[in-house]
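First chain A sits with chain B, and in the next complex the same chain sits with chain C.
After this line comes the complex of A and B, so read on.
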């Protein structure tokens, strides 16, 4: 491992806990995030579960500071999610945004943005390409990759900058089982190395494999926030029960 | 007045023999237009990108203004640049009137809005796609503009081409500020206008042919380049 970001660009290192208070986000006359209170502590792996349109992606973008809330407070260890905080985080979007450059250049770009010097960038890019199984595609234009390869590149790029916090929005949604496993191993290893992971997923199996705790979102609210064993064995909310039972949750 | 057939014949001869007058005019034209397009790109691309990315009061009005400046009448640009550079004008001391530099200035004024307006459109679309990813990577403002310009390179080629097409075919502005002086400021379009009015159709036709060829070659080259970039998914 290279050094943590703190020495590289002086960014804040201890980002946890994340405290969210009465978070509201409205758009188009709809209350899409409807009063969320949540505390995420250090040292756990959190999974955000919920049906389509429940506000999972919005919530991730809000806590990452990409969109301003209508009201409420977000604090990463007391700091609002601005540029400084983001320098210690990385996010993988539901639809990966890859630059119109080569696969390797996409990783290099993120490293440069995070202040890695040239030698470190080269070594780190190569390492990440190998870990993501993309080294044979290094010189390819990133936009020509398959959907699954694009997701792997997006994750490799996010992990490359050695974030303290990694926000993942359905990072395996278009991967085959083998590739999913491979990605999960990458994420699990990052978690072991101390990266605080917040994973949004639809995949209940993935949530079971991965979660220490589950946040279940339903219609912009937290229907349930519980340790994984509790959530999966005896979910407290009706919405979560039907979701886990594979019923239609609307 | 030569008859038509003879004019075509003579024009062909001029082209094949590499006539010196013809070559001189073509080379000067290319220099002036390349200079103007380079300058206009250096100004217009960052300007367009800033307009695309920045949010400030009056931005929308500025966008409309730049868009409408695309249709600036060349003779008016020529006139204004003439007034600025003439002895009585604010820049008269520079003694630039009737020099190639004056022509580059006029062409730059004409082309910059084209490059800026097209760049603005391209960059705005790309920013809509990239914005959150670049925010997530904590990319600063200046670096963001650089990134967007670089990643839009395939589309920006088209903007530059449009600018070149406009300036190389333009006659009104360059004839006013350049004066169409033989061996000094005579370019293809002004020479065609002059030779036609003098009845010297051979030279006019030969120049017209060169102009047409340049337009086609430049368009073809840029189109091919763009196609290659699209194929490599850089567009």
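After this line comes the complex of A and C, so read on.
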């Protein structure tokens, strides 16, 4: 297991809080993110929940700094999302993006890009492959793995570089329950070790299993932001009530 | 928007029979901190028992609550950001703003009281003394509402504490509980909201050093969303809720909410 009292990048949650003010993103004349205000504190597992098209994935990309907003402010403990902030973060996508090389080399490449020396890379790669249950596949071409194995590799690669914050975009939406469970266990362990988790999902069950707090997005706005027990027991907004009742929220 | 929420025809048909009773509810846009205080869990059943009106509270950040209300996603707005609330009314989104109640911040400190501020009711003078004596002060420094309130008070005191960052001024970059823990560990003064302090389990030998200055008050307002601007608003039910909150009965109920035997919210509606 990782030890994480202090990360390579300094104190625990040097990146928190995340403060988002009046965030707007427009594309093709449509306002896809419509004035979001949000503060995420350290030490919680946040789930960004909402129907398809509510702007969840887009919001995650904006706070990670992958795309610039139309207007508004994003600050990770006072710093804008940029290369320096991104080095302390890792993101895992719905469809894993793997390099055309071996399983072990995928992790080694990420470690090298983050400046780990050769000996550290070897030890860390081995450790992460064991944690992800992929050690027997270390020399296989990454792209020949099953969908679940590919996502475990993507997650192991993300965690290898000791991020302070892990951003997950629907990481299990194309996986079966067994593969989903293994991914969720890896994420839960990272959270226990102090990695700040922000998970985007439209899966209510996953949100219930995982969330300390829920940010419910609807039509590019935050319809509700509450501790998980409050959100699931007594949602106040119409959108969240309909969504949790299993109705089609458009 | 409510109209935009399309639900399956089947589900709609199933619930149609109960539509009358189920319509007797309002949506209140409020803040996470208000909801977390436990006040609303205490107040709302009293109102519902009296009127039969269910109150659904949406918790979001302050700015988001105001935006959501302006977007028609609520009947009543209950937040603590007076300037923004007045703007909301001026732009026609709200009918009228009423003062409702306040809670407050306090400065807690060690029994040795190195800055000699204990018992003070002048927060600005107290901060000046803390700076003059270089007594340790722990700040959340996390851009939160509490941190913003603290920085405003330093500004009034004519002091830039961040110039002493790492010296007597310690920036924790963390939440209220963590900052209290850290501050108490290093013998520092800490500005905290009273609700967190009352519920805080690790006070050690610390006590409240400064309280009672009006500049430490956090004023809440309540506003009915304007039906003329947003046609979905349940104006009658929302008005009933606003009227009750600012009535003697509602104000007494607010004063009756206690945590650990302490009153946390002080009603100050001016009445009709």
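Operating definition for what follows: the second predicted complex is superposed on the first by the 237 of 250 C-alpha atoms of A that agree within 3 Å, B and C clash if a C-alpha of one lies under 4 Å from a C-alpha of the other, contacts with A are read in each partner's own complex, and residues count from 1 in each chain.
The working rule: contacts are C-beta pairs under 8 Å (C-beta built on N, C-alpha and C of every residue); 3 or more make two chains touch, one makes a residue touch a chain.
Keep in mind it's a predicted model, so treat the numbers as computed, not measured.
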Check: Are chain B and chain C a fit on chain A, or do they clash, once the structures share the same frame?
Finding: fit
Next item on the list: Could you figure out whether chain B or chain C reaches more residues of chain A?
Entry: C
Check: A:119 contacts which: chain B (first), chain C (second), both, neither?
Finding: neither
Check: Where does A:93 make contact in the superposed view: on chain B (first), on chain C (second), on both, or on neither?
Finding: first
Margin query: Just checking: does A:36 make contact with chain B only, chain C only, both, or neither of them? Give me first, second, both or neither.
Written below: second
Note to self: Taking the superposition on A as described, I'd like to know which of chain B and chain C A:64 touches: first, second, both or neither.
What the structure shows: first
Check: Upon superposition of the two complexes, what minimum C-alpha distance (Å) separates chain B from chain C?
Finding: 25
Margin query: Considering only the defined contacts, which chain A positions touch chain C in the complex?
Written below: 11, 13-14, 16-17, 19, 21-22, 35-39, 41-43, 75, 77-78, 219, 221-227, 230, 234-239, 241-242, 245, 247-250
Check: Which chain B residues qualify as touching chain A in the complex?
Finding: 129-130, 132-133, 135-139, 143, 147, 151-152, 154, 232-235
Checklist line | Complex contact set, residues of chain A against chain B | finding: 61, 64-66, 83, 86-87, 89-91, 93, 97, 99-101, 109-110, 113-114, 141-144, 161
Check: For chain C, which residues are in contact with chain A within the complex?
Finding: 1-2, 4-8, 11, 27-28, 32, 35-36, 56-64, 67-68, 71, 73, 142-144, 173-175, 178
